[in-house]
Structures are given as structure tokens and as C-alpha cells.
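This report refers to the structure that appears directly beneath it.
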Amino acid sequence: MEKGCKNAVENAIRVVCLGETMLMFAPPRYELIERCDQFTAYSGGSESNVAIGLERLGIHAGWIGKLPGNALGRKVVNGIRAFGVDTSACIWTEHGRVGIFFVEWGAHPRPLKTIYDRAGSAASTLEAGDLDWDYIGRAEWLHLSGITPALSETCRQSTVQIAARARAAGCKLAFDLNYRSLLWPPDEARRALGRILPYANLLIATEMDAMMLLAQKVDQDRSSQREKNLETLFNTFSPDAAILTCGADGSVAYDGEQMVRARGYDLQVVNRLGAGDAFDAGLLYGYLTSGLQAGLDYGMAMATLKMTIPQNTPLIDRTDVERLLAGQGLDIVR
Amino acid sequence: MEKGCKNAVENAIRVVCLGETMLMFAPPRYELIERCDQFTAYSGGSESNVAIGLERLGIHAGWIGKLPGNALGRKVVNGIRAFGVDTSACIWTEHGRVGIFFVEWGAHPRPLKTIYDRAGSAASTLEAGDLDWDYIGRAEWLHLSGITPALSETCRQSTVQIAARARAAGCKLAFDLNYRSLLWPPDEARRALGRILPYANLLIATEMDAMMLLAQKVDQDRSSQREKNLETLFNTFSPDAAILTCGADGSVAYDGEQMVRARGYDLQVVNRLGAGDAFDAGLLYGYLTSGLQAGLDYGMAMATLKMTIPQNTPLIDRTDVERLLAGQGLDIVR
Amino acid sequence: MEKGCKNAVENAIRVVCLGETMLMFAPPRYELIERCDQFTAYSGGSESNVAIGLERLGIHAGWIGKLPGNALGRKVVNGIRAFGVDTSACIWTEHGRVGIFFVEWGAHPRPLKTIYDRAGSAASTLEAGDLDWDYIGRAEWLHLSGITPALSETCRQSTVQIAARARAAGCKLAFDLNYRSLLWPPDEARRALGRILPYANLLIATEMDAMMLLAQKVDQDRSSQREKNLETLFNTFSPDAAILTCGADGSVAYDGEQMVRARGYDLQVVNRLGAGDAFDAGLLYGYLTSGLQAGLDYGMAMATLKMTIPQNTPLIDRTDVERLLAGQGLDIVR
Amino acid sequence: MEKGCKNAVENAIRVVCLGETMLMFAPPRYELIERCDQFTAYSGGSESNVAIGLERLGIHAGWIGKLPGNALGRKVVNGIRAFGVDTSACIWTEHGRVGIFFVEWGAHPRPLKTIYDRAGSAASTLEAGDLDWDYIGRAEWLHLSGITPALSETCRQSTVQIAARARAAGCKLAFDLNYRSLLWPPDEARRALGRILPYANLLIATEMDAMMLLAQKVDQDRSSQREKNLETLFNTFSPDAAILTCGADGSVAYDGEQMVRARGYDLQVVNRLGAGDAFDAGLLYGYLTSGLQAGLDYGMAMATLKMTIPQNTPLIDRTDVERLLAGQGLDIVR
Amino acid sequence: MEKGCKNAVENAIRVVCLGETMLMFAPPRYELIERCDQFTAYSGGSESNVAIGLERLGIHAGWIGKLPGNALGRKVVNGIRAFGVDTSACIWTEHGRVGIFFVEWGAHPRPLKTIYDRAGSAASTLEAGDLDWDYIGRAEWLHLSGITPALSETCRQSTVQIAARARAAGCKLAFDLNYRSLLWPPDEARRALGRILPYANLLIATEMDAMMLLAQKVDQDRSSQREKNLETLFNTFSPDAAILTCGADGSVAYDGEQMVRARGYDLQVVNRLGAGDAFDAGLLYGYLTSGLQAGLDYGMAMATLKMTIPQNTPLIDRTDVERLLAGQGLDIVR
Amino acid sequence: MEKGCKNAVENAIRVVCLGETMLMFAPPRYELIERCDQFTAYSGGSESNVAIGLERLGIHAGWIGKLPGNALGRKVVNGIRAFGVDTSACIWTEHGRVGIFFVEWGAHPRPLKTIYDRAGSAASTLEAGDLDWDYIGRAEWLHLSGITPALSETCRQSTVQIAARARAAGCKLAFDLNYRSLLWPPDEARRALGRILPYANLLIATEMDAMMLLAQKVDQDRSSQREKNLETLFNTFSPDAAILTCGADGSVAYDGEQMVRARGYDLQVVNRLGAGDAFDAGLLYGYLTSGLQAGLDYGMAMATLKMTIPQNTPLIDRTDVERLLAGQGLDIVR
């Protein structure tokens, strides 16, 4: 029996992930939005990706979003609970739409392009009072990302309240910066995040997002600044640990005592979207079960395997994660 | 040489069609929006359908819409000018989105379902001042539909102004009621249309829409009321002619002197959407070239053939229209 | 908000459905297994179909099957829990395969054909001791079908024990005969079913299966025998009610006091497979919420709508069911 | 074991079919050549269809065509020998192209349309001297059609020579008129066919083609003339039997002594192309094994089942033919 | 607003491109023509590709071809005017076919393979007298390629006449050698091109084609000969400038005074076909707006981006061209 | 005329290949079995691949398998005889199923994964007495692989008997080790193969399989052991020649007198499955026509080209093989 099947028997929700899941429409690999008439619908939600990743690793997770009660809303929920995530605390509404975005995959040097069409989504109306706080209170962790406060003024307020209230209810908070430049400018982001981050137990950022938060210019030789920036982050917001992801260079974490590192892997990129979410899932799994080093290790393996998968969601086979961590390189199994 | 190729050599734009063209996304025949991940993008615009239908019959037409300057906007325009329609007077903007809607085809008794997602479209910000009035003034006819005033308060004002200004510039006006109950209630529609219809030279309505406009209850035996309603329409708004389409029962027109009729045809329905637009194109072609009877005849043939085509646009072969009008029934040509 | 979204907020499992779910592979409509290389995978399980149908109508259901712990087993479970069905009591094993079958859709007079390849499936090794009896005991109803005892000698024994033990635990039993002539001969079926049916509270059979059970010859004029057969069934096995489904002729039920009937509907058949399962879901929903007449009514509406859907599972919109029951015939909603 | 598998063990070639097989390109059902970019390649050859039909019924057949030695030529041959037909006598050449044609399926009243692009094909250069006469001489029957003499002046001569030489070598000749109005006018056809038909042992024609050959006007009430025309055909060309196919009305044959008839069947039409070829295969099978009545019976059953299949080739399951002839109407087998 | 939308408002045709556009049929990436039945239709025309490329960069262009008046001919024209190119001067005829070719993409070391099937195309009958010389005379530039004189003896004569007459009418001439070894041998090509090239203002050649024209052997170390060959070309035919494209090595141009160079770019090749045409479009755009250096720069950027696109036509986003020229390397925009 | 077409005229079967051919089902490139519903069916049989490879090179081959007489069995046979392989000696049975397996392609470092579902296949019941020994006796060579004795105890016995009886009938034996670790453990394999290999004239093994057979540990520096192992193999089983394939490192053979080597090629991998079978076909072709060096050369070229093809079968164009052997590197032919 493969390990990926074990999760079916665990019942308590340990991590609740909260945020908007959109529908993403993309033409086939290399094709142009302008020219192609065949679009594939994907699930596009950072926090639900984390929840699915946790399920794949055997940790039962819940996802909370706010959706209109129509076929598109049901489509979003079906795509998440199919992988075992509990969606019973979702908020259904008669107002607002399902946010959508279009992706054109590109081919170097033609970039992957995104057209967001998410204004007015039901998710952008989420308020702290919409939530089932008993449900959240029963979990050990709440996972949020920096996309939520960027959605609307309402969401900016809600996110602070949700973070505060969850901590008050005994939940720990994992927070991924996930800066989206098309949604808000750096100074607005800094202001809003500055009110949320003090509640975070785990603070996760890409190197670029960390520099945005610290209002730094991007430097040629950024590797030298990594650990300094990481320490600054840690000292500014005082989480239990701060984590910096550095793409192919791996990742590094600091918990006030030691710097922990994990390496990147060679891989064939199929779809980069969702790699950060897969990292978060691996990080939480490792951290919850074996500590920070395991967190980084599982995070890097999950992010790597995610990029070999066409979907944005980390539909990863746990056996593959462990084979990768054990350094076993098999190309064919038969 | 098939007749459908002749249009390539004609240059003057005789009819300008103005209105919103959206992108329509639909899963394959019978499939569910909620379950299926493969969507096909279609051009979805009543007035641009009319323009394409006119080109197929050999009348050069222009289409005017308002679109955001991105890949989705270009996609809309490409899909229209591919068939010879002039789109050089289109209005490009940096604000607003491309309106979209989702269609699930259904299978009796499961109905075809529509999810509109068109709020905030660039088209809903159209003002009369956006338009190139020299361009419109050079045409013989302007074609509008009752969808445009339903899009927004701005559009409601614009449509009246556009109708008035076009007539003042020497253009004749063809107007199809095209009532969309999901966009506005009957009384609002009646009020707004009441200000536009006096400018119409040709007034086209389905039987149901006419009853809405006349604030009538839908009766079991509506065929008896048809001609009475048509006369009322004619007398109320004084067009050159009023036309009622009655589905499989055919159509009937009144020009103050005589009642003209055309019959329906047996057919295999592939896609009903756009049948009314195809009728309008046939009506205009017939009316401009040979008078009202020819208008109804070509309108019915175009509507019939449109329903055998998977697209919403009337990509009809003129040879097929004439074969149908001549009563030739061939099932295979080889 | 459409009604189909309400189910997300209900938590207690009222009905547990138990049986094998296979993967079905079929080429596109009309294509031949022998000639076509593109196969679509479908979920193929009578009892899980019933569970999904119940979820669509707002009754929380669980499904129990026995599956090998590999990607194919996970595929089966994902396809069921995507629609809200609880699968946490599923049994995972290291032995046995996922049963598969191939379907070729046909076109009249070329019949739909099935190639079963289900021997040695994990499901065929199911024993009563494998089950989580606490889980079953918390439900109001258990749903079984006559396919399970046909799978293997082991299953023949298990089914009797499961029926008995569920009743003892306070569960009511719904049982659909679902006779599969390719799996066992009539006399074997009669012998085995004779030991199970006495436990049934609801006994559901097609007209043909009832005649098999009663060892009758199929007669030309079978409608005259319907009610007599139904009474015989009822009197032989003493359920709370016995139900006979008669295809396009509708259905009829008997509870010892009265004969209840529901009519069939005109429809466009897209896929007949799973119509009986959809009926069972509608029957249970109606019966649990409003009694036997409602059961038949919802059963017929669900079966009708199911046949308009490409999947075997009743992915029906509850709004469509109620529109059909209310006699509203809309072909397009826009 | 299904009967369709038995043919694999028979070795002697009883019927040789000779003629051009083209590649046919068609967009999906209902789509337009002008609008759609996805084309499916089909095997398009009347005589190779007959050969495949014979293999399906258990009679080993050979096919002879003339093809350029490139990937398209190999594609044609692969598509024929896949079903057991012997293609070892095919003629490969360095000159000429593979004939192609485009089909647009249509939907009533929009007709199925054909664009032939077969000029200059390798097949149009076939000469009697190209053939392996030992190979042909070992067969019992040669099957030709009226398409071959229509391909080119060369082919017109070759066909007469081939017919004569085959008869001289002891082969019987089956000839299907298969008149193609897009390839040659009636008077040319009459002249050329007049030189070939005297060699035919079996002469097969549609009712329409027979009227063309007899230079008759198409009459409203043609059923009254059927038998008279059939007799005229028989008396003019003196075959062993003449056969008239009358679409849904069935078919009728005359052997100088008696009129034999077979009825048509209700069916769902998937693809009409190749129905006549399927008839020929059934006719030859029945005639060779049990006489003229069996010929018509198998011919009608094969033609009916062919029309339920997406390909032009009669990929029919022999079990289905016999079930149909036995009057067994099953819609689902499971 | 993206820059690619601006072209819609420009009206005067500055460049007319003339040549054959065929339909290209190709199976999916890696698949074999011989084995695969799914073909995608592409637009295949060097000169129409240039016209589309010019439109993408904001220069209004016209395309002239000669086509049969059927669905395939319309398909060709639709595929070109969809992107804004004016096709009103196209020549429609009742004779000849649409040229087609088949492409199998290959995978190293299995080469991309082409099967031409273009003999007898309508385009091969083009005569100078067919053209609308007023239309051509209104343009600043005419673009021709060396494919046209290779099509037929008629075309060989026509091309010289067209070049001469266009220059006499005040048009400048851009000419791309585009040598096709499958259409004619080098000595024939040299003879015919020798009569055309003296009319060229811009003469464009790949390094290999230039060596063919100069009757040189291909040398191992060809980079040393580049500039010498370029000078020879320039001195022999006296254009305003001669341009040599050298694949990944970039391109070089000579105008009698200076050697101008542009570098190549790293890229992921999706489809190499049409890269030269994209270069020509970029060259013309740059040359017309800013001179020879800009011509080479835009040419290289356009050729590079073209190869990342599945179509043969340069459906390039002008923003991408300018980002590439500015050295901005973004892989994801979100 | 391309060389690949010549094989159609050769009639005598020189090589008979015997073994199981399964149906393989795989989702598209990169997709997951668990997530994707679209599966493509491939022919999956090592020995039939060899037969097809021989046909592509011009050597007529036969294939013998044992299959159930249903649509799946016919599908297997059609897929083999389409390429000219003689399948007339196939064994049809009413018992057993067609073996199937599922493949998920993977993307580095996510491995290609296989789920075998072949237990109980008709092929696993093959006995020596099932075979047509006249048919085998007329061939020069019999090709077997180490998969057959791994299928069942019956097959383990049959393979020894078949090898012995073929040699006794005058056939030479080519045997490819083809060790499948999912089917049997090394010691069982060694025991069984030890009884078969003494009959082999050509013994082919991958480096890894040879080490398994020789019960060696896999060493870091295995290249040093290659020739020693090869000699050991040769000396142990005394074939005419023993051949070791070493992936990208090429291959090496020993015939008791000399070591012969062939190099590998750079390539773009599309599908690795079947590369060994393609090697065997090339080896046999080269060995039969020109000796051992030609065998290795053709083997490496065939294996290389196979990996550029999506199918498992070596549908290779002989022209490509010879171009590769001649060192001609063309990327585009037009």
C-alpha cells in the first residue's frame, strides 16, 4: 500500500487554511490566449493548495473560502475536497462572483502571462464574523497568506482580525507573504502586513518578497544578504521561526538560535505555479512532525515535485517525496 | 466559385452594428460546468453576429465595440474581422474587462444554462462621444439591440443618444428588442426602450419579447394575438416595418399596408444561440436588396441554418441559403 | 444561491452506501473499443452513485468500499468525495486490484456493450469484519445492492452478515436487486438474495429483475403483471415497502396498504448507465423527508435527469429536479 | 469467443478488391471546414471498405491499390491491413500523390459536403500491366466499382482490360456502379460502363445510379419502376444477378428467375459514408455462402450497422449482424 | 493598454505582401503522419506571415494571393485577415486547388519532415495581369519571396513582371530569397532570381541560401565568409541594403557603407517554421521606422519570439518584443 | 520511393516473435493517473515490438500471442498487423483476459510509474502444444524474451519447451533477458533462465539484467566490468554471440573471437519504453544481413530513433536509420 492512501483514515483537522480559490483558465502549453479556443480550468488558490499538500502528506486539513452558490462555486469546492480536504466550513453567499484568471504558459524568452479578472469576487467580501470560530478553534494551526489582505479593503481589515482571533483561540499562525504586485503597491503591502505579521508563528517569504517587505533594492549579489535579511525579519516580527525560499538555491530558516538550510534539486519544470504553496505544505508537515530541518527538507522536496505536475495543486505522491529525500534516483519503475 | 467568396471584393460599409461582444466559455455538448475542465471559447455578441451574417451574404459591414487593450480584447476583435467585418472603428480602453459568460448546453429536460459574468465590462462604459461619427455617417444602416441599454445606466443614456444622432446623420436604424430577463426587469426595459424605439426604421422582436414590451400576459393560444400585437407595435413606434419572429412557426412582418409571412423549416438543432441574430442579418440583406418578403425569407433561412452550426455566429454558406430557399433538399453532395 | 450548495453545511451521515466502485473506460460516443485509442475513465459504482445522488439532494452520505492502496484506488475515492460523500470509512488493502470494465456506447441497433474485467478485485474480498461498525451504526440507513453478493463467494457470505448486523445495530436497510446476468445465473442469484432480502426495509427492483427473482418468464404484456408481482415481492420478503421501476412507464410502489405511482418523462438520452442508482437516491431522499409518494416522484425525476448527463453518477442540480417536478419546461435560461 | 476473431485463421484469399483508397479529412461532427482547425484522417476507399467488410464476416480478402512510397501511402495501407486484409499485391510508385478529400458532416438541412482533391493521384495512373495477375488469378472473385473508370482516361481503359482479363483468368466479377457526379457526366459514364458491365457476374447499383445508367428521369413515384428497371439492367448486361439498393426501403435482386427482397432497419445514423460498400461486403458474403437471399439479408444488415459507426469502413462485429438478422433487439449488454 | 492593440486604428496600407498561402496539416508534437489520425490545420504562407508580423508591430499591411472560391480558400483568407491584414485585393478563381503540405515535427535526431502537395494550386497560375495595380501602387513597399518564382513556369515569368511593374509604380521592393530545394534545383533558381533581384531594395537571405545563390560550396568555417558573401551579394544586385541571417549567430546587413549586426537570443524552440518570415516583418518595421540597425534588432527579436509560438505566423505581442530588446528577462508576470 | 515501403512485397516470414502483448493505458505527458480522466491506449508487447521493427527494416516477421476472442483481443492484433506483421498463427481462446498496464510518464525527478494488471491473462496460459509448429518451422529465427517465463508457472515450462522444440525444428533462437523485477525475484529468474539460455543463438541483455543474471552487486564503476561480464555470459551459455546494451554508452557484443562496439547518440527522449525492443529488431536485421557489427549499429540507431517516438513500437522510417548511420544531421527537410 502506497503511503498516499493512509490519510483517508485520519479524522481530526490539524491545520485550517483560509483564502480565496479562483478558477484559472489556460490554453494548452505554449498556445496563446489570443489565438486558442481551448481552455483548461484549473483550481487556483494558494491556501487550498497548502491544504491539499498537507493531505498528501497525511495531515488532515480544512479549507475555508467564500463562494457564490452556483456551479462555478461548487466546482471550486469539488476540486478541493476531492483530495480529502475538509470544506464543511466554507461560506456560501448569494452575492459576488468566483474570481477567475487567465494564464498563458509562455516559452523562454516569452514569459508566462497572467490576466487577473478577480475584482468583485465573493472572497473579497470575507469578514471575520462570517467564520465558524468553533471550527477554527479545534485546529492546531491556521494558515494565511499575503494575498488575502490584498483583495479588498474589507479583506485587509478581516485578515488582521482573523489572525488576532485565531491566536487568541489557541491556534498557531503560519503566514506566507505571497506578494502580488498586480494587486497592490509595496508601501500599501508593507503597511498592512506590518499589522498582521506580529501574530505569525511561522513567517515564510521568497527572497524577493522579503526584500519588498524590508524596502530593499534588489541587488546583483543577493545571496550575501540572505541571512542578514532573514535575521532582520525574525527580529522585527518575532515569529517562532522565519523561512526564506531562494528558488533553485534552496531555502534557509532561522529560529533565533540557528540557521537551518535545505538544498534545491535538478528538475524538469512542467508548471511553476503553486511551488511556494507546496513548499508551505512540506514545511508545515516537517515542522509539525520533526522540527525545522525536516520542515525545510520536506518543503524543498514538495516544491520540486510540484513543478513536475501540470496542476497548480501539489498532487504529490508521498512515496516520491521520501524517495527524493533519500536520494534515490529512479527514472522508470517496472 | 461559391458565392460566399464574393464579399471579399466589396469595399463600402453599408451596415454598422454596435454592441458588446463577450467571450463565452462552454464545456463540450452535454457536459456540466461543475464537472468538466475543458472549456471552448466562443464569440458571444448579438450585434457582431449580425455583422458577420451580413458579410456571409455579401453586404460589407462594420462592428463597433469597446474593449480593453489586452489579449482577451484582441481575441474578440480577431474573431469578428476573420470573417471580413470591418473593426477599424472599435474603441480600445485601458479600463474595464472583457465581459464573459458560461454556457452549459443541457439535454432535454435539463435546460441550457447561462452564468453571466459581465459586470464591469469595458462595453458597459460606452458613451456616444466615444464613437467615430464620420465612420457611422458613411453607412446606410445602423443596427442596435436591446441588450445595450440593459448593460448599465451609462449605456441606457448612450443608446438613446446614439439612435438619435445616427438618424440625424442620415443612417437608418434597425433595432432588435433582444430582451434579457437576467439583466433588467420588464418595467425598466419598457421605459428605456420606449425612448429608443421611435428612432427605429426596422423593429424586430420575438413574440415573447413583444408581449413583454406590450405588458401582456403570456397566453396559451398566442398565435391568435400575433398579428394584433404586431399592428400595435407598428402603430406605437411607427417604424418603416415591424417584424415578429415566432420560432418554428416562422415570422410575420407589417409595414402599415400588408402582412408578410415566412415559414419555418425542419432542422437538427446543434446550437440555438444566435438564431435571432442570423435572422436579423438575413432580414437586412433581403430587405436592402429586394424588400420585406425577401427579408423574412432570408431571415428564416439564415436562422434555420445558424441552428445547425456549433458557433453562435452565423457562419453560413450563402449557397446553402439559396438552396434552402429554392426548396432543394440534398443530404450529401459528392 | 442554488440549492445544490446547501449540502455543504450538513454534517451527520444519514445514509451509508456500501459496494464496489470500479473504473470504467469508454471511447467517445459511437466509437469502437477495437478501433479507438482514446478512453475516458469514469467512476463506475452503483452504491457510490446513490451516495452522490443523496449529497446532491442535501442528505449527507458515506460510502464504503475496499480498494488497493495505489493511484487507481485513490482515483476511485477522489471521484466520490469530490461531491461531498464521506469516504473516511473506506477499507485500504495491499491485495487485489481495482475492478475495471470497458463500455462501448453503441448506436441503435448497435447495442451498448460491456467487457467486465473485475475478477480478483479488492472489493471481492470484503468481509463483514473489515468494516467500522461504529461508523455504520451512527447512520440511519444502509444501502446495499445485489451486485455485491454476485462478486465472489466471500462477498455472498459477507452481504448476508452485513445486512443482519446493520439491522441489529439499528440501521434500516435499502436494497436494490441490480441483477447482473454476466456475473451469476438466476438460480444462484435467487438463492443468495433469498437470504438477504428478509432484512430489507426498502426493496427496489426493475421489472425485469423482479421477474428473474420470481422465476417468471418475460411476457409480452408485462404491464398487467406489474402490480401482482409487486405484491408478491412485498408479501414474500415483508419490507416496509417494495418498489418496481418500469423504465419510461414510470414506477410503482406498495407498502402493504396502497399502490403508489409516478410517471416517466420525455428526455434526450445521453447515458443510461446509473439511471437506477439515481432513482434510488431520489427514492431515499423523498421517502426520508416526505414519504413513499415523494420517494417515487424524486426517484423518477432523478433517473430522468441522470440520463441527460454523460457521467454514470447523478451529478444533478437540485433546482432542475424541483423544476421538473413542478412541471416547468424551460429550454434556455438567460 | 466472438465470431469476429475467427477470420484470423483462414488463409486463402477468396475475393480481391481493386480501386483507389484516399485519405479523407473531416472536422468533428457539425463543425465547418472553414472554421475548424482540427481534422481527423479517415480511410476513404470504396473497394478497400468491401475488403474489410468481408474480413469482418470471415472471408479472407485482398486489396490492390497504387500508392506513392511515402508516409501517406503507408498510412493508407496500414489502415487496411490492420483489419486482416492482404495488401501484399499493392503497387508502389515514385510518381503521383495520395488522393485526398475533405468532408464537412452537416446537420439537416445543412448538407454533408465534399471537396475532392484527388487529381493527379498515383491511383489514377493504374494500368492493367501493373498488376500481379497470378495473385488475382488465385482468387474466386474480383470486386471493382464505377469510381475507377471515372478517375482518368488511363483508368477508363484499364478497368475494361482488368475486367476482361480477370474473367479470362477464371475470376468472377462483382461490380458496384458507384456513380460520382463530381467526377464525370452521365453520358461519359454510360459509355464507359457499357464496356465494363458485360463482364460482371454481380451488378450492384443504387436506385438513382441505375436510373442514370438507364438515362431515366427521376420520378416522384420511383418505387413502381424499381423492378422494371432491375429487369432491364439484368437483361441488358446479363449478369448472374443484378441488385438494386433502395436506401431505407431495403433492396431487391433479380437473377433471371426470381425477385428477391430484403427490408431496411430503423437506425441512428452516425455516418452514412460507406454504407453501400458495407452492403457489397454483406452481399458477397451471403451470396458466396448461401445464395442471393442471404446476400441481400447480410447486405442490408451490414449497411445498417455501418451507418452507426463513425468510420467509413464497415468495422462491424459479426455477432451484431447475426443478432440483427435474428431480430434480437438489445440496447444494453451487461 | 498593450501596444498590440494600437494597430486597429491605422488605416493606410504601407506594405503589400504577395505570395502563396497554403494549408499545412500536422499531427501533434512528436507524432507520426503515418500513425496519427488527428491533424491540425495551420496557415502556411511566407509572405502572409510577414504581413501579419507587420500588423503586430503596428504597420498596416495587405496580402495578395490567388485562391479557389471554396471553403478551403476562405479558410486561408480568414486566417490572415483575423489579425488585421487587408485581404481585399485577393484574387478568387474557379480553377485550381488550395496548395497543402504535411509536416511531421520530429524530435532530434528524427528530423522535421515535409510532404509537399502543392502542384496545381490556384496560386501557381498567378499572372501579373490578375493584380489590382492601383491597390499595389498606393503602398510604399511590396514584399516578395523566392518561393513564388519556384511555383510554376507561369509564376517565374509573373514574378519578374510584378517586381518591375511595382518599382515602376513607385513601390520599393523587399525580397527574401527563401530557397526551397524540393521545388527547384540551384541552377534554375540562380537563373530566375538573377532576373528579379536587380529590382530589390532590400535583399534578405539566410547564409545557406546566399551560398546557393553564389554557387559556393558549404564550408566548415562559414562565419569567416559571411561578410565577404554579403558584400558580393550587395555588389552584384545593388539593393539599398543586403541582409544575411545566420540562425543563432544573429544577423548582419550591409548598405554599401557599413556592416550592421544584431545578436541572437537563447530560447526554447516550439516551432522553427516561419522564423525567417518573422525576421522579415521585424526588419521592415525597424527599417521603415528607424533604419537598418533597428531593422536587424527587431528582426532578431521577432524571429526569436516566433520560435516560441506553435503557429507558423508571428502572433507576437509587441510588448514582448520591446521587453526583449530592452534586455528584461521576466519568466512570470503576476 | 522511401525505403519503408519496400517491405510490402516480401512474403516469406524470416523471424517469428512470440510473447504477450498487453494494452497499455497512459494519461497525456506529465499528467497523473490519479487526477486525469483521459487515457490513451498503446500496444504494449516486447516481442511484437521486435516484429514491427523488423518489418520497418524490410524483414518479414510473424508474431504469436494468445488472446481472448473479444474486442480487446482484436485491438491487440490489429495494432500489430497494421504494420505488416503476420499474425495468422495467433492463438484465440475463450478463457482469460487481455493483460493491461497503466503508465504515468513522470518528469524528472518524478519517475515514470507502472501499475501492472496482467494477472490471469490469456497469454499466461500459453502452452507449447497451442502452437502451429509448421508455421514456426518455416522461419529462420524465433525471438523470445525473459518476460514470458515470468508470466506464470505454465509459461515457465512452456518457454523451455518452445526454445528446445524450435531449435530442434531448425530455427535459430534470439533471446532478450528483459528482466522485470515486479514479476519475479532474481533467484527465480536465474533458475528459469538457466534452463532456457543454453538454446539461445543470440543472447541480449542490458548491463543491469546481466548483473542480475550473474548475481553481481551493482558497482559504481560498472564500465570496467562490462567486457568481463559479457565474456562470462558468453562462456556460460555458449550462444553464437552475446550482446550487452549500456544505455547512452552504446552497446558491445562478443562472439568468442572479437569484441564489437557501437556508440550511442544524442537525442530528445519522447518515450523510453520499447527502446530495447527496437535495439533487438535492429540487431537482428543487421546480423542477418551483414553480421554482428551491422547488428550493433542498426540496433543503436533503432533504439535511438525509437525514443523519439510517442509509441512503444519502433515505427521508424528506414530512411532515418540510414541517415543516422551515415552521420547526416538534418533538422528540417523542406
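Observations
The first chain written gets the first letter, and so on, giving A, B, C, D, E and F; residue counts start at 1 in each chain.
The criterion applied here is as follows: a residue touches a chain if its C-beta (ideal position, glycine included) is under 8 Å from a C-beta of that chain, and two chains touch if they have at least 3 such contacts.
Not measured: the values here are computed from a predicted model.
Each step here moves to a touching chain, and the least such steps from subunit A to subunit D number 2.
Minimum number of contact steps separating subunit B from subunit F: 2. Note on B-D: its contact pairs, compared by residue number with those of A-C, A-E or C-F, agree for more than half at A-E.
Farthest chain from subunit C, judged by C-alpha centroids: E. Centroid to centroid, with C-alpha atoms defining each point, subunit B and subunit E lie 39 Å apart. Look at where the CA atoms of subunit E average out and do the same for subunit F: the two points lie 46 Å apart. Note: centroid distance subunit D to subunit E, computed from Cα atoms, is 45 Å.
Shown for subunit A are the residues that touch two or more other chains, namely 32, 34-35, 70-71, 74, 78, 113.
Shown here, the protein chains touch in an arrangement that is not a line, ring, star or fully connected set. All chain pairs that count as touching, in label order, are A-B, A-C, A-E, A-F, B-C, B-D, B-E, C-D, C-F, D-E, D-F, E-F. Within the complex, the subunit E residues that touch subunit F are 30-32, 34-35, 106-114, 116, 180-182, 272. Across the complex, subunit E is touched by residues 265-268, 270, 304-305, 308-311, 315, 320, 323-324, 329-334 of subunit F. Across the complex, subunit B meets subunit E through its residues 1-2, 4-6, 8-9, 11, 67-71, 73-74, 77-79, 81-84, 87-88, 90, 92-94, 317.
The touching residues of subunit E, counted against subunit D in their complex, run 25, 32-42, 70-72, 74-75, 78, 97, 100, 102, 104, 113, 115, 117, 119-120.
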